[in-house]
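What follows is chain A paired twice: with chain B in the first complex and chain C in the second.
On to the complex of A and B.
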C-alpha cells in the first residue's frame, strides 16, 4: 500500500499520471476499454451487453473494496443497498416522472442515508459482527422489496424508464464506463489522503489505531456512507439500463459475485477488481451460455476461485501483478 | 506535580478482580517502574488508565483532570501514549506509515506540519534498524516493539506507558534500550514502565510500584522497593510456578 506523500515526487509525465491515479499500463487499459465496443468482434450487441455488465460489476467491486479492503468490514448487504438505489430511482421515475438522469442521484442519496444508519449501528461491533448486521439489513431490504407489492410489484418485476431511446447497448456502455472511472477516481483520491491512512489503521488494528489517536467512529461512518452511496448510484444505472427490477437483484449471491471479483482482483487495491471484472464476467457468461443446464454452477466457480486466491495469492491479482511487473518497471 | 493519579482503581473480569483498589501516582519527570509477578494485573492496570479497557470503579486523574474511562483516542490527544506487551502492528503498513498514523492523528490539528519528517525523526530516535519502507508483517517481535515505541513517541506524549519493552532482548540491545529510555526521559516525558528485567529497572527507574494479585504491595524509591522483603517474597513465591 502506498501513501502518495511518502513517495518521492516524480516530475513530468509520470508525476502527472500519479496525480490522476493511473499507471501507464492503467491508461492503456482504459484506452482499450474505450475503443473495445467499436472493434470486431466486440461490436456485436450481445458482447457489448457483456461489456456493460462487466463494467457494472467492476464499478461495484471498486466501491465494495473501498470498505472491505480498507476498513475491513465485509458488507454482505452491499447489493441490497445497490438495489435500494435502483428501486428509489425507478419508483420516482414511475410515480413522479422524474428523469432517470436525476433519479440515479436520488438513489445515491437514499443508499447513503441507509449506509449512514448501518454505519452508526455497527460502530461498536467487530468486523465479523458488523458484516452480519449489514447482511441482515440486506435480507430485510430484499424482504421488503418482495412483500411491498403495491410499491415494487414484488417478484412480478418493476418496469423502469430507460436512459436512452435506442436499443443499442453502446451508449449505456459509455455511461457505465464513465461511472466506473468516477468511482475509481473518487475512492482512489480519498484513500491517498490522510483519511486513507485512518481507514487502513482502523481496518488493520483497531486498538493500535485508537491508541494512536484515530477516531474510529468518524472514519467508519464516512467510509460506509460513501461506499453505500456509490452502490446506490450504480443501482440507479442498473434500473435504467435493464429497465426491469426484481428483488433477486438484492440477493446475497449477487454480493458474493462482487466480493469474488474484488478479492480475486486484490483486496485493498481498488483497481484489481476493476481489471479482473472484464475477463471474469466474460468467462462466466461463456460458462452460462454453454452449460445452461447447471444452475448455481457460477457460485461453485466463485467459491473455488476464491479458495485458490486465498491460498496462493491473498493479495489477489493486484499482488501478483505488483510482484511480477511493477518491480521490473521500477528497475528499468 | 502529579501528572497521573489513580484513586482506588478496580478492574473486574466477571468474578476475577484483576486490579484491586490500586492508588498510585506518577510525578512529572518520573520514570516509574511497575513491577509484579506474572498475572499480577500490571497490563490490566495500564489498560484501565489508558481507556482501552475502562476500570470497573475508582478514579483516574491525569494532567490535572478526571480522565476515568475516556476513550483511548482522546487520551492520546491529551498526551498519553503507550506501547503494547504483545505487539499490535498495522500488518500491511510500512514502518513509516505506522508511525505516521500517530504523527497525523495523535496530535492536535495543526501541531505537526510535516508528519513524514516527524515520523522519520522518531524512527531514527528509537534506532529502528530496518528501512522505513519495510512492511510491518515482515518484522520480528523485537523490531515490532521498537516500531511501536516510535509510534508512541510520534504523538508528542507528556506521559508514556511502556509494557515489557525489554523482554527478549540481548545484552547489547538492552543497553541500547536503556539509553533510549533515558533520552526519552530527558525530553521531559514522564514514564510508567512495566518491566521484569531488574537490571533495567534498577538503572532507569527513580520509583517503583509493585503489585501482586491486583493489589499494590509496595511503592517508593527504587532502592526501598527493591529491598522490601514483601516484594522479594512476592517474586520468590511465584517463581516456583
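On to the complex of A and C.
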C-alpha cells in the first residue's frame, strides 16, 4: 500500500489530495465503492440495497461523529432529528407536490433549525446532561410523530414519493455515495480550519478553552446546527429512497446503531465510521439473512462489539489503522 | 439563613424544590377533585414502583458515576425471572386459594427475581465495568454510558434469542376481589406493588442511613479517594452498589409483572421514565429520586387523563426540558461532585 506523505510542504499529487482531505488509500477505497455496484456479485439488487444502507449509515455516522468526536456531546436524539428531516421532506412532497430533490434541502433546513434550538438549550449543560436533553428531544419528537396522525399518519406509515422512477437501486446508490462524500468533505474541511481546533478544545476541556479565548457558545451552536442539518439532509434521502416513513425510524435504537458504527470506526476521526460501516452492515445483514432462525443474533454481535471496543480499544478502527498502517508523521 | 421555622419554611417554598413539590401537590389535588380519586391512587402506585427503578439509577450514578442506559434491562430480567418462577406455582395457587401459601408464593417469585437481578448486577460489574475501570478512567462518564448502551442492546436481544418475542405475562399474583380505597377499586396486585415499593424504599433508606456499609456507600459517592484513604474497600462497595441497584430494578419489574408482561424491550418505558426522574431530581440524588418519581408519575397520569394516551413521553419530556433550561442540576440539586465537568 502506498503511504500518504501528508507533510505540509508536499507538493504535486499528494499535496492536492491533502487539500481535499484524502489519502491515496482513501481515494482507492472511494474508487472501489464507485465501481462496486457494477461488478458481480455486487450487481445484484439486494446487494446494492445493502450497499445503499451501508452508505447511508456511513454518512450518518460521519455527521454524528462531527458532534460526538469533536465537541464531545453525544447527540442521543440524532435519528429523531434525521426523522424530522425525512418527515418534512415527505410531507412537503405530498402536500405541495414539491420535488424530492428540493424537499431534501427543506428537510436539512428544519433539522438545522431544531439543531440550533437544541444547541442553544444545551449550552449550559455538559456531557451526559446534554446527551439526555437531546435524547428527551428525540423522545418528544418520536412521540409527536406517532400521535400527530393527521399529519404523519402515525404508525400506519407515510408514503413518500421516490427520487427516481426506476425500481433499480443503483442510481440511489450513487446519490447516497455523493451525499456521503459531501458530508465527509464538509465536516473534514471545517475540522481542518481553526474552527476544528476550537471544537476539539471545547470537547476536551471547556474551561481551558474558554480561558484561551474560545467562545464555546458560538462553536457549540455551529457544530450542533451543522450536524443536525446533515442529519436532516440524509433523512430526506431516507424518505425518498425507502418511500415509507414510520415513527420507528426515530427510535433510540436507530441512534444506537449509528453510534455503534461511529465509535467502532473511531471517534474523532470522521472517516473511521464511514469505512467501517460497509463491512459492518454487510456482516450484519449476512448474519441476519443466513441465521434467520436465530433472530437478534446480529444485534448481539453489535452490542458485544461496541462493549469490547469501548473497553479494550476506545480509539476504534481509526486508531488501529493509524498505528499499524501509517507513518508516524502522517498521523492525523 | 434564619433558624426561625416559619422563615425557613417560606424559604423552602420559594426554592425550586418547594415550588415544584407544592405545584405537584396542588395539581394532584385539583385533578383528584376534577376527575375522581383514582388519579391519586394511580399516581401513588406508579410512583412507588418508579421510585425503585429511579433510586437504583440515581445510586449507580452517584456512587459509580455510570449513567446507566441498561437499567431497564434489569427490570426486564426481573419480569422474566418472576414469570418463569411464578408460572409453575400458578396451578398450586389455583387449587389452594385463600391459604397462606397462596399469599406467600408470589412474594417468593418476586424476591427470587430481585435476587436474580442482583446476581446479574454482580456479573455486569465483574465482566464489564471493572474491566473498563482497570483500563482507563479517562472520560469515564461518557465511556461507561456507551458501554451500557451496548449492554442494553445485548441483553434485549439475548432475551429475544433465548425466550422469543411473545408476551410472557400473568393475570395476577394475588387472587380475590379488588380492595376498595377512597371509593376506588384497586386490584390486590396494585396494592401489594405499592406496599412492596414502600417497604423497599424504607428498608433501603434505613440501610443507607444507619448501617456501616450504607455509610461507606455514601462516603464513596462523596469522595472516592477519601473513602479509599479511610480504608473502605472500594471495589467491594462498587460491586455492592451495582448489584443492589440492579436488584431494585429487577424487584420492581417482578412486582409489576401483571402490568408489564415480559418481552424483550419491556424495560424501555421504565427506563425512560426513570431517566426523566433522575434528571428532574438531580443526577445521583437518591432521596430526590423518590420524590421525583411521584412527580413524574403524576405528570404521566395527568397527561394520559387529560391529553390522551401516547402523549406520555411528549409532555413530560417537554416539561423536563423546560426545567433543565432553568435548573440544569435538577430541582433538588446534586451533591455528587464534579458531575458537570465530566
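As a working rule, the second predicted complex is superposed on the first by the 311 of 332 C-alpha atoms of A that agree within 3 Å, B and C clash if a C-alpha of one lies under 4 Å from a C-alpha of the other, contacts with A are read in each partner's own complex, and residues count from 1 in each chain.
By definition in this document, contacts are C-beta pairs under 8 Å (C-beta built on N, C-alpha and C of every residue); 3 or more make two chains touch, one makes a residue touch a chain.
Note that the structure is a prediction, hence the values are computed from the model and not measured.
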Message = Between chain B and chain C, whom does A:197 touch in the aligned arrangement: first, second, both, or neither?
response = first
Query = Between chain B (first) and chain C (second), which does A:288 come into contact with in this model arrangement: first, second, both, or neither?
reply = neither
Request  = Return first, second, both or neither, reflecting whether A:128 touches chain B, chain C, both chains, or no partner chain.
outcome  = second
Ask   = First (chain B), second (chain C), both or neither: which does A:137 touch?
value = second
Task = Based on the superposed arrangement, let me know which partner A:147 touches: chain B (first), chain C (second), both, or neither?
result = second
Inquiry  = Let me test your reading of the model: by the given contact rule, A:268 touches which partner, first (chain B), second (chain C), both or neither?
reply    = first
Inquiry  = After the superposition on A, what does A:209 contact: first (chain B), second (chain C), both or neither?
reply    = first
Request  = Applying the touch criterion given at the start, work out whether A:311 contacts chain B, chain C, both or neither, answering first, second, both or neither.
outcome  = second
Chain B and chain C contact sites that coincide on chain A, given as residue numbers = 207
Request  = Spell out the part of chain A that touches chain C in their complex, as residue ranges.
outcome  = 72, 74, 121, 124-129, 131-133, 135-137, 139-140, 142-144, 146-147, 207, 252-253, 256, 259-260, 263, 294-297, 299-300, 302-307, 310-312, 314
Key: chain A partner contacts - residues on chain B that touch it in the complex   = 50, 52, 71-73, 76-77, 81-82, 84, 88-94, 96-97, 100-102, 104-107, 116, 151-152, 155
Ask   = Quick one: in the complex, what on chain C touches chain A?
value = 67, 128, 131-132, 135-136, 139, 141-143, 145-147, 149-154, 156-158, 160-161, 165, 264, 268, 272, 275-276, 279, 283, 308, 310-314, 317-318, 320-321, 324-325, 328, 339-342
Parts of chain A lying in touch with chain B, wherever the complex brings them together = 1, 3, 5-6, 194, 197-198, 200-201, 204-205, 207-216, 268
